[in-house]
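Here you go, one structure.
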Amino acid sequence: MNNSFGRIFTLTSFGESHGPAVGGVIDGMPAGITIDFDRIQHELDRRRPGQSAVVTSRNEKDRVEILSGIFEGVTTGQPIGFIVRNVDQHSNDYEPMRHIFRPSHADYTYTEKYGIRDFRGGGRSSARETISRVVAGAFARQALDAIGITITAYTESIGEISVEGKKMDFAGIENNPVRCPDPETAARMADLLINLKKEGDTVGGVVRCVISGVPAGLGDPAFGKLQALLASAMMSINAAKGFEYGMGFEGVSQTGTLMNDIFTVDSSTGRIHTETNYSGGIQGGISNGEEIYFRVAFKPIATILKQQPTVTDEGERAMLKARGRHDPCAVPRAVPVVEAMTAMVLLDAWLMNKTIHI
Amino acid sequence: MNNSFGRIFTLTSFGESHGPAVGGVIDGMPAGITIDFDRIQHELDRRRPGQSAVVTSRNEKDRVEILSGIFEGVTTGQPIGFIVRNVDQHSNDYEPMRHIFRPSHADYTYTEKYGIRDFRGGGRSSARETISRVVAGAFARQALDAIGITITAYTESIGEISVEGKKMDFAGIENNPVRCPDPETAARMADLLINLKKEGDTVGGVVRCVISGVPAGLGDPAFGKLQALLASAMMSINAAKGFEYGMGFEGVSQTGTLMNDIFTVDSSTGRIHTETNYSGGIQGGISNGEEIYFRVAFKPIATILKQQPTVTDEGERAMLKARGRHDPCAVPRAVPVVEAMTAMVLLDAWLMNKTIHI
Amino acid sequence: MNNSFGRIFTLTSFGESHGPAVGGVIDGMPAGITIDFDRIQHELDRRRPGQSAVVTSRNEKDRVEILSGIFEGVTTGQPIGFIVRNVDQHSNDYEPMRHIFRPSHADYTYTEKYGIRDFRGGGRSSARETISRVVAGAFARQALDAIGITITAYTESIGEISVEGKKMDFAGIENNPVRCPDPETAARMADLLINLKKEGDTVGGVVRCVISGVPAGLGDPAFGKLQALLASAMMSINAAKGFEYGMGFEGVSQTGTLMNDIFTVDSSTGRIHTETNYSGGIQGGISNGEEIYFRVAFKPIATILKQQPTVTDEGERAMLKARGRHDPCAVPRAVPVVEAMTAMVLLDAWLMNKTIHI
Amino acid sequence: MNNSFGRIFTLTSFGESHGPAVGGVIDGMPAGITIDFDRIQHELDRRRPGQSAVVTSRNEKDRVEILSGIFEGVTTGQPIGFIVRNVDQHSNDYEPMRHIFRPSHADYTYTEKYGIRDFRGGGRSSARETISRVVAGAFARQALDAIGITITAYTESIGEISVEGKKMDFAGIENNPVRCPDPETAARMADLLINLKKEGDTVGGVVRCVISGVPAGLGDPAFGKLQALLASAMMSINAAKGFEYGMGFEGVSQTGTLMNDIFTVDSSTGRIHTETNYSGGIQGGISNGEEIYFRVAFKPIATILKQQPTVTDEGERAMLKARGRHDPCAVPRAVPVVEAMTAMVLLDAWLMNKTIHI
């Protein structure tokens, strides 16, 4: 079931960019939770195109319709079906691409695999697929709120511009269109994106995610390690090229003496914690109660409004210049998707952990 | 099923470091394949302790006993049960650690999660768990051989020493104990490890893996993207802290114009391929026929033979100095584990791909 | 994922009786199959209320809307989302049942399990849930047609009236409202149902299903035996109380000498087959190429239009007399549901079987 | 994963009749339960050949070796690997069957499906596969004991001899070799079996299972209905031909007025229960707190010590007369297997039910 994610709390998603709708089924949502529907729509609004000058000007409203699993505003424990209708599609923009493989897109691989593809707007490989993830994540977050787990993702870098080492204000992340927690860095990022958009070019970047309030015990040994679940979740997002947590790639050149997290006891609470957190809040695949943090690398979006040589599905050389309205960078709109996938993983791990003891 | 991996070709593993045995069940191994048992033992020998001066001097023979699923040397399509007995254990080395949490180990998290742990040799969190992966991977590779898929992993860096940019000889990887494809770099790495071993310290590093002969079409859209399956596999290996493929973290600061892989046609074969391979052989989650490559970061091993402050399971401060025989670096012995997990993912994706059409 | 069924070809379903819609996601439908949408609607029409005098007079049109996974009339290998809007609901009929547990319904168990239930029309426990099964089955059948597998279910008995031993005409099954292959028996069954409907009472019965054209090799040893998959499918249908295949319950009082199916060879084709078929087309959990047949028992529908004593959710005694429009017997409308579930199991087993060899 | 069963509490099994061992991996056993190993061996002894005059005289000791997941006698939450060595095998008895298909066995279907089979003792299709089920069930039962759920299976009928309507003494089930709760009926059954054994013939029968102490709330709507899980479990046992629960096949000819279970309130406890139990303790797929009961039909064992015509794997006619030591009836030794599978289903459903609420 390649379009399903999770073990207890699960999402099964469907939908192409230019079909009637995208949507999904959430199974395993705990019963008895009063749902704030405005927050679900709010998360979709954070993801949607047309929200600012640094993203595509496509004006997709993305209104979610919940079809089941809620009774009188409360979750019933039954599967939650939902759809988001596709509107404001310019399918004709894609007609010239019926027989052409766009570079670094999924056109060629889908055709090789399936022998058929819905070429309009990327079909199933479109980032519109992430709408379903955002809806499911918004449900998961409402359960996590009650549990006390908080998830915050933000834009750490776009191109060469990074917020690393800057003073960060998490409360201000949503105050700028790039979702960077330092206003000055955010302004530079936004300038870069507006210039790239004019040029018809794109750029990559990095999203960082921080999870607090995680109790010790989430995640499982062997193949269900929490970092494996998170990596799988993040690497399944369109355009993701890398995942690291805790000390990540950089820390691995260090020695064990420097990188070990020494345990200590909080003398006031008696609670065991670590003095440093190179482990990233996970040890042996299981959360240790410290903050979990990880980074996800996103490549530059493949759709550029420039002439590119390519080939047709008949194996003939051709030139391609994309039309339409596109994002200069995946990162600002990826932030809510990263949060949504994280929420799904965390709630699933939390529910799974309830089965450890009778 | 947290101790199971895969969808069609699956491994379910069990076993603690100082219990009677580790082992597993391979389900979904295709029928009719003649097995070379020496190659399975050979892979275990590449993983085993005591194989060289740069690894732990524990002398574990790790002989695998196959219990089912093979008849007259040929796979029958039935589940393959196997065990590797644990021998040469010094369980007494661990008695002092019954009530102590080793820094950056799984002692604390297992205790918090389960309320009980087998503290001897790390129990289930021991790297001996990877034995089962190597056995399953060795079976998968024999199917992949017949298909024509080749997997090569090697040590790219240990500490600050990297083979990047050097002339590499894949045939020579197994000629040195660190499994680095450049003899001169390998010698420097080995010196570093021997020195660290004397000091009782450890260091991290990076394994790179290259897969060739992959047909276009492996992997699935949405949550079953090939990179998500590989990331999940790699991040489930003990001590892994990061995963990247294709352009990875470094390439994301570039523009789309630079990072797009232009399609072209081989005029002699008529085959479509890409001029560059920043995509890392995967587009839209599906292999495109180019070489797949990725990198895995491994942290410095947490067990150091130095005094470290820590706490007991009663929350009291204590000092700890590990005894026993340990590796100075996970990377050389991780190379066959990375290959094994890669083989499992690839065979599974290949079998899954058979179900796309009637 | 309790609302998902299957391994390769899967259905994830959602929806309550009186919510906005029921629907589901079909994942794993093979790519490249041209879909006849009229046949899908036709299967829904066979299941729908209001189709004849022997079923409920609720007039549910049950129009399916396909939302994804089809491009220009052909399956793309992507998930197929679909919905059927709920219309003609008389939710007010159920308001008196908000706090009352209907006998032999799911009201009490849902309340005990979830602490909340959508009481309107039975909510998730309504037989409207089977709509999603019929849609998924209708897709599966179109793949099975191409493979050459044919599925026929019919009403074998209603109450004490049985068609066993009668001359049966499968072509005539749909010519009568009870779906019985003997017109004379069908007429007696219809009379019984019309009388029961007047009385406000209900009755049970048995559906028999016959599958022909099944190649040898479908199903798996151990837990994936074809009969286990079929039993699981059938016993998950509302009101099913029993499943048997081949010789069933009756044959078990016989001796092995009488019940063994002797192999023989068709001298014209050289094909091996069995002289008798007490095995029901399955040996060792795997199809042997003979006809598969099984029976499913359906209890009398619990909703009767008579006074019944019961209790409230406060544990107080109460009297209940159902209102609304109900079926006198589940069997006639269960026939297409049995066929649909069978189709799902068979296609799934057929696809799974493709992974046995490289 | 066709050799795996369950969702949270799972068994993955392996092993052929005449290979080195059968065994399995139990994943999801709750942590912190002190294990009584004698009880596990006791369950194996109830299943083993050679235990009495009415079963095969093969003298298999079936000693289980636990390889992991237990520390100092207590479950750790880690996977429990186990093996039972195969001994007292007369593989030579089977050499003549290398190329012959035994009637109503799995020889033909395995050969058709896999192209290869281990013909010795039936290989994977042997009832020795149920050893792993009995071990896993024995673990599950120790958790269920703590929860308060009790499972009792017994022989209801063998051939035409049935205990239905007799006064039954559950405490006496193990006092006779056929496991029938009425001594007089048991004696008649034993006589029948001893006679059949002399004749080299076999007979079928029915096992009934009763579960008490089940809390309301186990099982799930749609495809995870408790009866669907039980049916799947039972129909996966070798030789099972039918499953029914509650009113079963017989009750379906009745009216709803007669078969509805009226709710009432126990005036002393205030507890809601039903006056009758035609539902068999399950309503809407979820346990209602009443006793669960079901019946499983087992066909006559296919191996008879008489001449039978058959065909070879070359499609030539041949005569076959089985040698070796065989059971005259599957039922007495199936009783502990039915209990084991039931225990696995119940514990799994109980653990799953913990995830319904946060």
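As written, the chains take the letters A, B, C and D, and residue 1 is the first residue of each chain.
The criterion applied here is as follows: a residue touches a chain if its C-beta (ideal position, glycine included) is under 8 Å from a C-beta of that chain, and two chains touch if they have at least 3 such contacts.
A quick note: this is a predicted structure, and the numbers were derived from the prediction, not measured.
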**Item:** Contacts common to chain B and chain C (chain labels)
**Value:** A, D
**Complete:** Check: chain pair from B-D, B-C or C-D whose contacts match over half of those in A-B is C-D
**Inter-chain centre distance, chain A versus chain C - centres from mean C-alpha coordinates, in Å** = 39
**Prompt:** From the C-alpha centre of chain C to that of chain D, how far is it in Å?
**Reply:** 26
**Request:** Averaging only over C-alpha atoms, locate the centres of chain A and chain D and give their separation in whole Å.
**Result:** 46
**Asked** By residue number and range, which residues of chain A touch two or more other chains?
**Response** 2-4, 13, 28, 31-32, 77-79, 113-115, 124, 221-222, 352, 356-357
**Complex contact set, residues of chain A against chain B** = 2-5, 13, 101, 103-106, 108-110, 112-115, 124-125, 129, 157, 159-160, 196, 201-206, 216-217, 220-225, 227-236, 240-249, 251-265, 270, 272, 274, 278-280, 282-289, 295, 297-304, 306, 308-311, 315-317, 352-353, 356-357
**Prompt:** Taking the complex as given, what residues does chain A use to touch chain D?
**Reply:** 8, 28, 30-33, 77-79, 143, 146-147, 221-222, 350-352, 354-358
**Complete:** Per the touch rule above, chain C residues touching chain A in the complex are 1-4, 10, 12-16, 19-25, 27-28, 31-32, 65-69, 71, 74-81, 83, 113-118, 123-124
